[in-house]
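The data blocks that follow each hold one structure.
One chain, chain A, appears in both complexes that follow, with chain B as partner in the first and chain C in the second.
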Partner chain A sequence: MRSKNLFIDPGRCIGCQACVAACRECDSHRGRSMIHLDYVDMGNSSAAMPTVCMHCSDPVAPCAQVCPVDAIPVGPDGVVGTASAELCIGCGNCVHACPFGVPKLDVAEMLQYKCDLCYDRSSQGLLPMCASVCPTDALFYGTYEELLEKRPSAEAVDVFEFGEQAIITGNAVVAPAGRNDAIPGGYSVWSEMDQDPT
Partner chain B sequence: MARRPLLPVLAPGVAAFRRETSRPGRYVSAERGETRVATHCCYCGVQCGMYLRVSSNGKVFGVEPRGHDINKLKLCPKGVTAYQQVNHPDRLTKPLMRDRRGEPLREVSWDTALNRVVSEIRRIQQTYGKDAFAVYSGSSLATEKCYLMGKFARVALGTRHIDYNGRLCMVSAAAANKQAFGVDRAANPWSDMLETDVILLLGANVGECFPVATQYFWGARDRGARLITVDPRETPIARTADIHVPLRPGTDAAFCNGVLHVVEREGLVDSEFIASRTSGWDQVRDDLPEYTPERVGHICGLDPALIEKVGLTWGRAARAMAFHARGIEHHIQGVDNCLSVINLCLATGNFGKPGAGYGTITGQGNGQGGREHGQKADQLPGQRSIEDPVHRAHICEVWGISDEELPREGTSAVEMVHQAEAGEIKGWIGICNNPMVSMPNHDRVARGYDALEFHCQIDFFLSETCERADVVLPGTSWAEDEGVSTNAEGRVVKYNKASEPPGEARPDWQIVCEIARRLGHHADKFRFGGPRELFEELRVASAGGEADYSGMTYDRIEETGGIFWPCPSEDHPGTPRLFEERFHHPDGRARFHAIEWRPPAEEVDGKYPLRLTTGRTVAHYLSGNQTRRIDALVQQTPRPWVEVHLSLGFVDGDPVTVTTRRGSATYPALVVSSIRQDTVFIPYHWAGKVAANLMTVDALDPTSRIPEFKVCACRIEMGSEIDVPPPPPVPPGVREYEEVGAFDRSQPSAPQGRGTGRG
Partner chain C sequence: MPPRDPRFPPETGHDRRAIAAGSVAALVLTAAILAGSRSLDNFDVALLGYALGTIFLAFGVTYRTVIWAGSPAARRYLVRGWKALLAKPGKSVPVSEVPRTLISTLLLQRFIAQRSIPRWLAHQGLFWGVVTATMITFPLTFGWIHFRAVAGSESGYWIYVMGMRTAKIDALGIVGWLAFHGLNFSAVLVIGGGAWFLHRRWRERANNLTQLGRDLMPLIALMAISFTGLALTVSSVLMGGFGYRPMALVHMCTVVLTLIWIPFGKFFHTVQRPAMIGVHLHKQGTLGSDGALMCRSCGAPLEGAVFVSDLQETMGELGLNYAGWVNTCPSCKRIARGAQYREQVKAGF
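Entry: the complex of A and B
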């Protein structure tokens, strides 16, 4: 397990899209942003939240597991990479398997793209582009201890529950104080089907 | 009830899978003979440090975050993409000229263009007098160039008509600071915010206009500080504020007086500070009984309890800081608004200590430096006054001219355009501004510019204002020259040159010095070999003034990461925090000013029942001449919108027509509950039919001459066709843009732009 992770804090996000712009500058995929920036409370507030690859650790990388050609590499440090261009067949399995909706499929190229934690940068001790530029540290890269040093009261959560399925992620989300239980990850189709009386 | 099994913790084969493909495949090394040039961003007053990435053939091709003390690696979307201006296909690379208005601009040689400029200056000044030629400059220029523009107007042209685009920006704060403190600068470095207990932020959409400054506000809150925001809109920084005050536009001074009323009533004033460090408190106190929370609540459209709460929070804070921006400055009462904030800080003794202070957040990169060294109508270098005999004598000596040769105070930018309309000003050189987007009441601005007999514009993109000019001279972007810039804190930082100008474009200082040389009048005083020589003269000119740069050198600025003025000698460390012991009036005391709230120039009525306010969005900068050409920024925010409260009955994307006494345009509605019901908002970065400044009022503050961009009366109604923003103008021979932002009901999705969650 690597020691440094991204910590995403929606409470600090100002929705400026600096992360989106910076992601486009990454040398391994210039001109293409891997970040999904959503205005999550449209009409009511200016709230926003970036979604980057969470680098699922348990179960490890559902995207990689479903890849029929083993194109998605998972490093010993838990970093889940972009599908290798040499291997990827553009089938889109990973897009469907990802619980967070992260990978993008370039239909023209028939290639998958997703956040690889700026491996070329982070493996050399540089911050990933998004976390480097984020004006508010809504995207923070470092150890949990480093996060606490800056924000003594911060609580981070790396467990998401999709119905019965819990997923532990490499990256984490900063939760409001006192609410650090698992984050409900969305609607569970399975448990709905299970309740079918017939 | 059968349940599907949980997915296994580790899928079969994953361990081997991990081993085999432990290194991802597709990476391009960042280090391939590239050079990284340390510099700062060209946009807002934060002045984030950045590295420009330069290829081995000398082209700027990228950006790398820089761990400068100001921004600590952080950048906003404008900063990240700023480098894309440098090799942009729209760049002006040749001088352009037309013989008659209405003809298209054509490429000409430098000689032809400069000869025309010089002969027109001579003709107009000989025919109509020296003051008939005006210079309109800007604060996005490096300080050396700002200094040069002032000297050029006064010495080479001998005209009193020189002003700068800070007149549309933060000049109300400048005037208020001068009146209250005797000097115009933010009182504290931003790092002081980390030690404060309460921050009062007025009329400042920090999250969008100064995104990287947000880290100081969040940093303060991480340490337990409370944040109070005052804005008719719940902007990103206001969203999670401890107290948000959604006041009615144009009522800021009443609000501040109301807060001071509570502070004074509760006995929370710092009597010792008031007695020892200030003057004028009695007059202020005498007016306070009128500003009861009830009356102020009525004026501002607020619950009086909110004013009580702010008063108590501010008054009880051991250390507090106040910051403001254009929201309170762009008013006919702009100076008073700033003074009413200063009153709050003075009354509670919040000056001159870590965590206690005040500042305006300048909108332009060099908004501070650009208003210090003499391109302002009433000013000489070093924040000297052009009407003060001692100040005049100093500058006359530095410039080697007589007092008779040095013109007197001129008029403000908007007034100069009105003088052009009236035929008093006949010739014009503009640099670093785009009034056809940025000045209020466009019809009148167009009449002013069109009435000129000669208009020359210097820029590096063909702006909407260049498009109307007789001669357009291609200047440089910030990455093609060196120079200093002073950020919103008063910290002087250094831009470094990363590449050569494209085509025949020339550095701005070279263009201006060449015009002076050809004019011949005092030509010897413009023999500068470059920005370094200009800076050396600026140091001498500023020596002894309030904005004293005389102890700074380029090397010192680079070694230290920035020096705060005043810095009067080379062994002086600079002055990050002002007013620790004394204010800058001769008696050392700050001045209170009794402020009486006045309504805006245009009150609402039956025909125009709503208030229109204007401002920025995060993806664009000022008149948009730079940012409307950057693909990523246009994708984020392709067009303006009108933000309306959901109670007004529209749905997102409805064509809503906004009408004021001066103009009308139809925008897609962005329906929100985060704006006041009686207020609508339009971002102002676009030109033509969708320009917000078609509609704004050109009423001016009596002191600062700033226009009232932030409030006028309007009405809205369901329209039919949404107006399409015109594409940015391009020089001859460059492929034109298609129409931008053809109507799409899905946009905009938020004030900060369109989300990227889909696709």
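Entry: the complex of A and C
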């Protein structure tokens, strides 16, 4: 596995969209942003949620597993690539199987696009575009030790909970020190409602 | 050791089935060559390498297809797609939709034009070059078609198909000239398309993602076949046959190595994409008959109800235990996760 990862701290995100603009400049998908920036409580709060591909490692890349044509490559370093332009048939399986809501689908092009950790850059030791411009380090790229050097009171969690399913990821989310339980993935709200007969 | 691919459990004996299916395909093709060439009477021994390469291709493509079709998502979509394609016309999609899909997606590949027009033109060159070359060479190398000189004529030939004499052709006439130079036209198309893709690989700023084996070798192989094939014409037409024999050997090597490699590299998309041609008809048809499912959070249309239940079944087979999450749109998934982070992880951010 790779030593450097993205550490995402939604608590630091100011919703400035610099990451979205920078992502558009990435060589492998010029003009198209792969990062999602959602406002969690639009109108009431400026809280924003940046979402990049988390590069799921266990279970490995659900998006790739549900792909009917093996179009999504998973590298030996755990990076889950964007769909192969030759293979992708644009069925949308990956879009809906991704628990984090990451892949995008261009129906006319019959092609999926997703964050690939700016592999053309990160494989050469450069920062992913989003992390290179984030003014608050809400998107921090480096080793876990480098993260702790900057934020001694932070914890990095790479386990997410989607109902009964725990998913371990390559990238991690920053949590307060000592809080290393699985991060809720949002699904539990609905799974509890599913089980409630009322 | 890399983690086992959960799509292909080792205990299923799938690999043995794939080898058996591949062997059957190779035997069927061999039998067809024997029958079509009249027990090898019309088989050109100089083309033996090509024929053997194609027999291996039949094995490899079938083997790889069976392995591929074993994964839950591929199996489900192959069945669904072919049912939609072969359904009674007008039953689930308009009558015109099947030929429209075949022409638009398979032949004209308009989805590539949506990505970029130069890319589309280059791919059309590669596609039609390879298709025409295949249609010309396979019957020739199998001994299904051969030519015999017409007695008393300097340039007339009888065309024999499956051992039966059919039409007469004048090699120096327009039709004859076009037919005998068909492979040259194919080579020009392939070289034009391949050159554009190689140039793009060379100039692409993200070209450190290009892999020699995965991305460059298929292009280099097609270009090598085309250039060595054209060199044979140059040798015979312009150079009085100089260097023809060694070049013929080099050409055969490039073709045979490519044939052997097709099932295991990027070229396999030439099997996968046509095999999945019916998936969009299936999605369109079931969307019409069963309706769309709405995101249970925001109420926006999500996908067809059948698509969602198919995906949930696939996820269940793969042991992905959050299939209920599929009923929520990607945007609402992200916002729900953000809201829970805000409430439970870093309160009040």
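Here is the rule we go by: the second predicted complex is superposed on the first by the 185 of 198 C-alpha atoms of A that agree within 3 Å, B and C clash if a C-alpha of one lies under 4 Å from a C-alpha of the other, contacts with A are read in each partner's own complex, and residues count from 1 in each chain.
The rule is short, and it goes like this: a contact is a pair of C-beta atoms (placed from the backbone, for glycine too) under 8 Å apart; a residue touches a chain by one contact, two chains touch by 3 or more.
Quantities reported herein were computed from a predicted structural model and do not represent experimental measurements.
Asker: Based on the superposed arrangement, let me know which partner A:Pro76 touches: chain B (first), chain C (second), both, or neither?
Answerer: In the superposition, A:Pro76 touches chain B and chain C alike.
Asker: So, does A:Val133 touch the first partner chain B, the second partner chain C, both, or neither?
Answerer: Touch status of A:Val133: first partner only.
Asker: With both complexes overlaid on chain A, does A:Asn180 touch chain B (first), chain C (second), both or neither?
Answerer: neither
Asker: In the superposed arrangement, which partner chain does A:His96 touch: chain B (first), chain C (second), both, or neither?
Answerer: A:His96: touches chain C, not chain B.
Asker: Would you check which partner chain A:Lys150 touches, where first means chain B only, second means chain C only, and both and neither mean what they say?
Answerer: Once the two structures are laid over each other on A, A:Lys150 reaches chain B alone.
Asker: Which of the two partners, first being chain B and second being chain C, lies in contact with A:Glu25: first, second, both, or neither?
Answerer: The answer is first: A:Glu25 touches chain B but not chain C.
Asker: Touch test for A:Ile14: chain B only (first), chain C only (second), both, or neither?
Answerer: A:Ile14 contacts chain B only, not chain C.
Asker: Pick one for A:Gln65: touches chain B only (first), chain C only (second), both, or neither.
Answerer: both
Asker: Can you list the residues of chain A that touch chain B in one structure and chain C in the other?
Answerer: The overlap between the chain B and chain C interfaces on chain A comprises residues 11-12, 27-28, 36, 38, 47-48, 51, 58-60, 62, 65, 70, 76, 84-87, 119-120, 164-165, 190, 194.
Asker: For chain A, which residues count as touching chain C in their complex?
Answerer: The contact residues of chain A facing chain C are 9-12, 26-28, 36, 38, 40-41, 47-49, 51, 58-60, 62, 65-70, 76, 84-87, 89-93, 95-103, 106, 108-111, 119-120, 123-124, 162-165, 173, 175-176, 179, 183-191, 194.
Asker: Given the complex with chain A, which residues does chain C contribute to the contact?
Answerer: The touching residues are 2-3, 6-7, 68, 71, 73-74, 76-78, 105, 111, 114-115, 204-206, 208-209, 266, 269, 272-273, 276, 279-280, 283, 296-297, 302-303, 307-308, 311, 314-315, 318-322, 324-342, 344-346, 349.
Asker: Where on chain A is chain B touching in the complex?
Answerer: It comes out as residues 11-12, 14-18, 20-22, 24-25, 27-28, 30, 33, 35-39, 42-48, 51, 58-62, 64-65, 70, 73-76, 79, 81-82, 84-87, 104, 116, 119-121, 127, 129, 132-137, 150-153, 164-166, 190, 194-195.
Asker: Which of the residues in chain B end up touching chain A in this complex?
Answerer: Interface residues on chain B, with respect to chain A: 1-4, 6-11, 14, 17-30, 62-63, 65, 73-77, 79-81, 207-208, 211-215, 218, 222, 234-237, 239-240, 618-619, 632-633, 636, 646, 652, 671-674, 749-753, 755-757, 759.
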